[in-house]
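Here you go, one structure.
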Amino acid sequence: MELVMAILIGVLFTAAVYLILSRSLLKIIIGTGLLSHGAHLLILTMGGLGGLAPPVISEGVTDFADPLPQALILTAIVISFGVTAFMLVMAYRAYAVHKTDDMNQLKGNDEHD
Amino acid sequence: MEFVLLIFLPIVAALFIPLLFRKIKGIHTGWFVLAVPVVLFIYYTTFIKTTMDGGHALSELQWIPSLGISFVSYLDGLSILFSLLITGIGALVVLYSIFYLDKNKEKLGNFYVYLLLFMSAMLGVVQSDNVISLYLFWELTSISSFLLIGYWFTRDGSRFGALKSMMVTVFGGLMMLGGFILLGIMGGTFSIRELIAQSSTFVGHEFFTLALVLILLGAFTKSAQFPFYIWLPDAMEAPTPVSAYLHSATMVKAGLYLVARFTPIFAASEVWIWLVTGIGLLTLFWGSLFAVKQTDLKAILAFSTVSQLGLIMSLLGAGAITFHVDEALFSFAMFAAIFHLINHATFKGSLFMIAGIVDHETGTRDIRKLGGLMSIMPVSFTVAFIGSMSMAGLPPFNGFLSKEMFLQSMLAIRHFELFNFSTWGVVFPVVAWIASVFTFIYSFYFVFKTFAGKQKIGKLPRKPHEAPFGMLISPVILAMLVVTIFFIPNVVGKWLVKPAVMAIQPYQYSHPSEVGVHVSAWHGFDSPELWLTVGIVLIGGLLYLSLSKWQKFYGIQPDTLSLNALYDTTMMFSEKGMNRLSRIYMTGLIRTYLLYIFAFLSVTTIAMLFLQDAFAVDMSSFSKISAYGLINAVILLLAVAFVLLSKTRLGAIISLGAVGYSVALFFVIFKAPDLALTQLVIETVSVALFLLAFQHLPKLSDHGEKKSHKFVNAIIALGVGVTVTLVALSSHSQKLVQSISQYYKDTVETEAGGGNIVNVILVDYRGFDTLFEIAVLAIAGIGVLGMIKLRLARKESSDENK
Amino acid sequence: MNVTVIANILIVTTIVVGLIFTIVTMIGILRLPDVYTRAHAASKSATLGVLSILLGVFFHFWLKEGHFSISLLLGIGFLFITSPIGGHLMGRAAYMSGVKPSELTVGDDLKDAVKEAKEKNMERLKD
Amino acid sequence: MINLPLLPIILPFLFAILLLFFKENVRIQRALSLVGVIISLIASFFLLVTVKSEGVLAVTLGSWPAPFGISMVSDMFSALLVTTTLLITLFVVVYSFTAIGEEREKFFYYPAILFMVTGVNGAFTTGDIFNMFVFFEVLLIASYLLIVLGGEKKQLRESIKYILVNVVSSALFVITVAYLYSVVGTLNMADISVKIAEIGQPGIITVIAVLMLIVFGVKGAIFPLYFWLPGSYSAPPVPVLALFGALLTKVGVYAIMRTYTLFFVHNVGVTHEILMVVSILTVIVGCIGALAYFDLKQIIIYNIVIAVGVILFGAAQMNEAGISGAIFYLVHDMLIKGALFLLIGIIIYVTGTSNLRKMGGLMKTHAPLGWFYLIAAFGLAGIPPLSGFIGKMLITQGAFQTGNVLGSIIILASSLIVLLSVIRIFIYAFWGEPVELPKTKRKPYARMMLPTIVLVVLSVLYGVGTEWLIPYVTDATDVLLQPSIYIDAVLKE
Amino acid sequence: MMTFIWVSLILVVLSMIGIMFRVFRGPSVPDRLIALDGIGVMLISAIALISILFDTPFFIDVILLIAIMSFIGTVSFSKFIERGEIIERDRNR
Amino acid sequence: MKTNDVILQTTTKVVFFIIFLFSIHIFFAGHYTPGGGFVGGLLTTGAIVLLLLAFDLKTVQKALPFNFTIMTAIGLLLALGTAAGAIFFNVPFFTHAFDYFTLPLFGETSLHTAIIFDAGVFLVVVGSAITIIQSIGGDS
């Protein structure tokens, strides 16, 4: 299963990076969304997928899934939620001020004069 | 008394100068300043007695003892000689400046602060026994020189010259620091004395030659040697007292001091002798050649200084030969070097002051506008004449003596048999002689074009008259010294020169009196140097008279090919060129920047993966593929494809939501109920947020992105994807250590009092993560509030209108 | 005939019913001609399908594992309330956003109602 | 006081939370944030002294044994950085009273600063790699808030780039931690070090090392990952810029130094060679940038890049001189960058522009500003006895000792470029013919000068008083060079 | 018994994939939405069945959650489609 | 245009409470079964979002008259306070305490300081999520 997941994560990253490199601010934001999904699945995969039961103590269960990656993912999910929300608002404020979501028009001259 | 503190006396005095300048308007601030060098001069003369006996005095002030860095005032013959020059000439220059600079028009406060700063720095350079503090003072001289050159900072020339001198000398200083550090590594100490003591062990060390070259870079830049001399002519923008002090008598000699000081360590090296002698001679030749081209009085003097510094440098190089050959033939080169150093300080100082007087009284320094001032300014003329003739190397002036010795040393080099000198040695006297001819020419050129010939008073901006008495005191004193030294060279030699020579060549002498050099003006008719001098006078005189005929040949050299042009181009390149260069890759587009990052990431990581043999896929460690997992993977893939392909923003959000939900399903499949719950809720709230925000955003569009761009994007994206996958497989296949999570499973009930391990990890084992993760959420919340409510964009006019 | 067998029969029956409805939903969504008819399929038969399956699962946990799951019941109730409303909202949204009904549709009463409302609105804006 | 290492993190955090209650009251905002920073600073000094006397302090939160809970570790290195961070924050906060404007003060400016400091100090102190990620996120999101606060056109434009690059690097951070966890099965940094030593750093760990370099390199602005920095940093107002310039990149540098001395020390020939090459390239591109611009902010910003290169070059040497030089230079750079940014902030306030070509002759009207600028500039260029010298000297010494001659000479030569770039500001802005200045009030100028001057003086003292600092830096170097000290302190039970 | 659940699960998932076709086909956005809503409902069934398969009650909360979330999602999407703005500031204006 | 949302609004009133109760349940269940402060908080957020969808900002503000920024701050204080309580006992930060009690009605229950921490999490999640949604929704 790890093989499948690794390839899947690769696809998620590919799609995310492709979107992030595009010119439309909207696509970029969607790309970051995919990026964080990929990262979260990766943590889970890296912990190993072989666990037989959820990591909750109940009678007669001994083979748990690795709880630590799950805790890490939970933290990461919440953080990326906050950041995505922030970014979303930043994007639409930028659009409101600059009247465009084209990254080529949002380029700075990086103060080259 | 800890006389090391005296190094700082000028700086301490400088602290009071602005106050004195502001409070006491009636008296020229210079009078207060004058006391400092005078006191110091008198104090340092008391050491002559010690050094004459080959002794030295030592005083130490710790700075960073842990790293072996301290301020050490180490007074031996060489240091005392320089200290006396610095304070002596310093006193005269301050005296001169009192009349040169108007107390009402000039910002004397600043001027004297810089000057005193310089004085401290210079004393520090010549007295420091610790290379690091030597470097400290070295840079301080560069800085104070920068400030002094830029004293009239509204003039373009001043700023240009200040920057140029600082760039060149600081560059040299930094390289020198590198050399010092290498010495420190080789010898395990920063003390010059200790380094010298163990210098024999350095030869053959891998850093030896490198250290040598680096230190020489420092010396050459400071002493305006070829090709670094270019800063010196531009430094003439400084007020004349400064030129006289820094740029002829003292600061430029710091490089010579350095070479002299490190001779005992490096003399063993062939490279040292070749570089010091060769570059010195080349500089001598070059400087004298181009001095004749100049039309500005101070520029002539600047080039002549360059040339004379080259002369002394070559002598120092020749003097190092004694390390290899113990023959009397070479023994006086070092003596000649030190002797000429003193002489040069006297005659060049006076000449600079005269140039300043001419400038001050006529309003110009352009030699084409000057002429016939002899009758109007007789005293100035006399001083200028004495100085020039000494510079040209004619009797009865001190320059003659040292020039003779110089020629003698250059002739002697022919007889040196090591390091290929037997083949190339003959070049040295020839070049030296030609350079001396030009020296003769520019000396005459300087004094006679200014003071003899027709008067062109009409062309002068001001009506000339003799300088005031006060301004003449210093040049006259110096001129008198020029003459006096000619008659008592051996007294000077005994008191000052020989102790210095001994300090430079400790491996040869144990007492100054052992330096077996006796200076005399007359060596008999059979001495070759006499005939060389006669030749110089004859050929030089001839060439001087026909000067107008051949001076125009200097025009052949195009301006673009000069070293100055090189510097200008470099500086231009550093502004415009770098700007253009940086524009190429700093596009301001985030896509470009991310392309760099992603490309670097995938290329390096994949390369490392295979170079380090880290790629491994171990199927046995993988859990078996489940059908629902596979189906869900297909669903996820489809959703991702739909995200990529969707043409509408709603479609994109829906499919992003679908991705999120299938991720949640994965969490279900892989037994992570907490994650599934959280992911589901977050996904929904996110979708709501997206919908909320998208009402403010435009329709989805790729803005006509080019196919080629899309292709590049796709390649890079694929690269990142492959990287992530490969590393994931490899690291999962190499689970080399048991995970720590067993502990959580064992203790969650007994010690943490919970059942849901993930939740207990979140609030207990790793609660700290959670505490700050909610902080992130909280900041995001207030951030969004701030972003939406605070809009300064409305207020500002707009920064885009430029 | 012990409890387990009865439970099994109960579970299997409900789940099979649910499955049938689910498959019908799929066919409906794929085959029906326009949004409104598909919405009908999705909201009604799908709800029924899921309710049955959930009931089956509820029985499974209750009767076989002895776990009387309140949240499952709550879920059944919740779905029962909300699913039709969701269908209603989507249908309305579709109509308002201008999706045309299939040509087979016999009558469109809402068209007139909306038109009337719009006219009223325009009048109000005029005042 | 077992929780001492936590105080410099928790106290700013506490005060940041308290400030949220008084959003509209500017006076309380100022007072509380000042008090908060001062108290934290006192705590950090106390921490510094304790670490000096008792060695590495480690506390594992929640009383759990070490690799299982989150450990917070104050060694001398982190204690020094924590103290410097708070010191700079103090000055920036005081400076902000006049410089930032009441609108921003009313919209969470001070809480954001304190949150950011929390994140920075947390990242410096934490002994857990995932916890470091969390602190990175805290400081990043606070910095997002600071960079965009005000919503000016340029701010919005540039902050999108900033946030995007950092989101990408955060994702990379997460996956790198995941890889590491997969291989060594632990998150505690000391434990990771032990485990890596046990398995002898196989190839996969080296790959992860490179990934870590990239992750932290994006934040620390090394070549070729720094490109986002100049544009983004030029957007926010000067006090924010000062804070960013002094602190944020340094966190990345700290993380690289920490991981490259604690984890990846068994294949130095590869990992540190890469680090060294990259750092030299960083210095070079930084130099190009520092020369290419005629904008005050940009010039100093590119000097951040140069400094990062220099520090990492020192760290890559892995010998005593190199590392202690890097530490000296790191602290120096934080102080001097803070001072320089505050100074150019005043220049911009006085002249109303950041374009060098539109300035001139300030020396006639604002002489003290000029002198303090000059001192700071020389300090930046490493002129002795000012603050930058000793670090640069030790770094060069370390590099020579390992035989990296070319690199050392490039580092030395870079000082010249640094000097040229900052002196150019001096020559254009302070020398030359005076230009007409927009009318500004004198009082804010004086109020802004006060913290700036103190900071410059501090940096001078840092250079002159090097001897007093050496015991501290030596301790820090020892911990970095001998991971066992760190490990023993954390895993003592 | 387990086989029965297995088969049911496969059937449910197959239905999901069938509906997925409608999501891609459209043609209108509401079409896709309705199809998605259907998927959401089937997801609930699937997870219910999975809980039996995995023999754990811990996913049951997920079921209710999906129901809630899909409801909120449906409401917000339909409001977005209908009005373009999903949260109004003041309706009575 | 004024729209007729009677059906939605009526159900929402009911559904809101179902969701809210469920979120409370999940919040308290967290320590032993899946759930916890995050999910609980987010669910409550979802409930409030539903209210916002069905009604409008003004109405909801009237119905739930909280300052959500302050709520965030309180949540943070609560969480920090729980963690920092350890400082007064000079044990490492974040040392939780728990014990088992037998309470009437609930049977044996464990009282755990972590629950206070989780309550902080809950408040912060609700506070900041609603702050974000309100700000965006209130933006013109």
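Descriptive notes on the structure:
In this document, chain identifiers A, B, C, D, E and F correspond to the written order of the chains, with residue numbering beginning at 1 in each.
Assume contacts are C-beta pairs under 8 Å (C-beta built on N, C-alpha and C of every residue); 3 or more make two chains touch, one makes a residue touch a chain.
All values derive from a computational prediction rather than experimental measurement.
Counting steps between touching chains, the shortest path from chain A to chain E takes 1.
The interface with the greater number of C-beta contacts, when B-F is set against A-D, is B-F. Comparing each chain's Cα centroid with the centroid of every protein Cα atom identifies chain D as the most central. Distance from the chain B centre to the chain D centre is 27 Å, each centre being the mean of its Cα atoms.
Per-chain Cα centroids separate chain D from chain E by 48 Å.
Separating the centre of chain D from that of chain F, both taken as means of CA atoms, is a distance of 37 Å.
Between the CA-based centres of chain A and chain C the separation comes to 32 Å, rounded to the whole angstrom.
Multi-chain contact residues of chain D (touching two or more other chains): 13, 20, 61-62, 69, 72, 130, 134, 137, 141, 144-145, 148, 151, 153-154, 156, 160-161, 164, 168, 175, 179, 181-182, 187, 230-231, 292-294. Residue positions of chain A with contacts to 2 or more other chains are 20, 25, 38, 40, 42, 45-47, 53-54, 56-58, 68, 74-75, 78-79, 82-83, 85-86, 89-91, 93, 97, 108, 110, 112. Among all residues of chain F, those that touch two or more other chains are 2, 8, 15, 22, 26, 32-35, 38-39, 43, 46, 49, 69, 72-73, 76, 80, 93-94, 96, 125, 128, 132-133, 135-138.
Contacting chain pairs (ordered by label): A-B, A-D, A-E, A-F, B-D, B-E, B-F, C-E, C-F, D-F, E-F. On the chain D side of its complex with chain A, the touching residues are 130, 133-134, 137, 140-141, 144-145, 148, 151, 153-154, 156-161, 163-164, 167-168, 170-171, 174-175, 177-179, 181-182, 187, 230-231, 234, 292-295, 297-298. Interface residues of chain B facing chain E in the complex, by the touch rule stated above, are 627-628, 631, 634-635, 638, 642, 648, 650-651, 654, 657-658, 661, 665, 668-669, 671, 673, 676-677, 680-681, 683-684, 687-688, 691-692, 694-695. Within the complex formed with chain E, the chain A residues making contact are 53-54, 56, 58. The touching residues of chain F, when paired with chain C in their complex, are 1-2, 7-8, 11, 14-15, 18, 22, 25.
Residue ranges on chain F touching chain B, taken from their complex, read 26, 30-39, 42-43, 45-46, 49, 68-69, 72-73, 75-76, 79-80, 83, 93-94, 96, 98, 100, 110, 112, 114, 117-118, 120-121, 124-125, 127-129, 131-133, 135-139.
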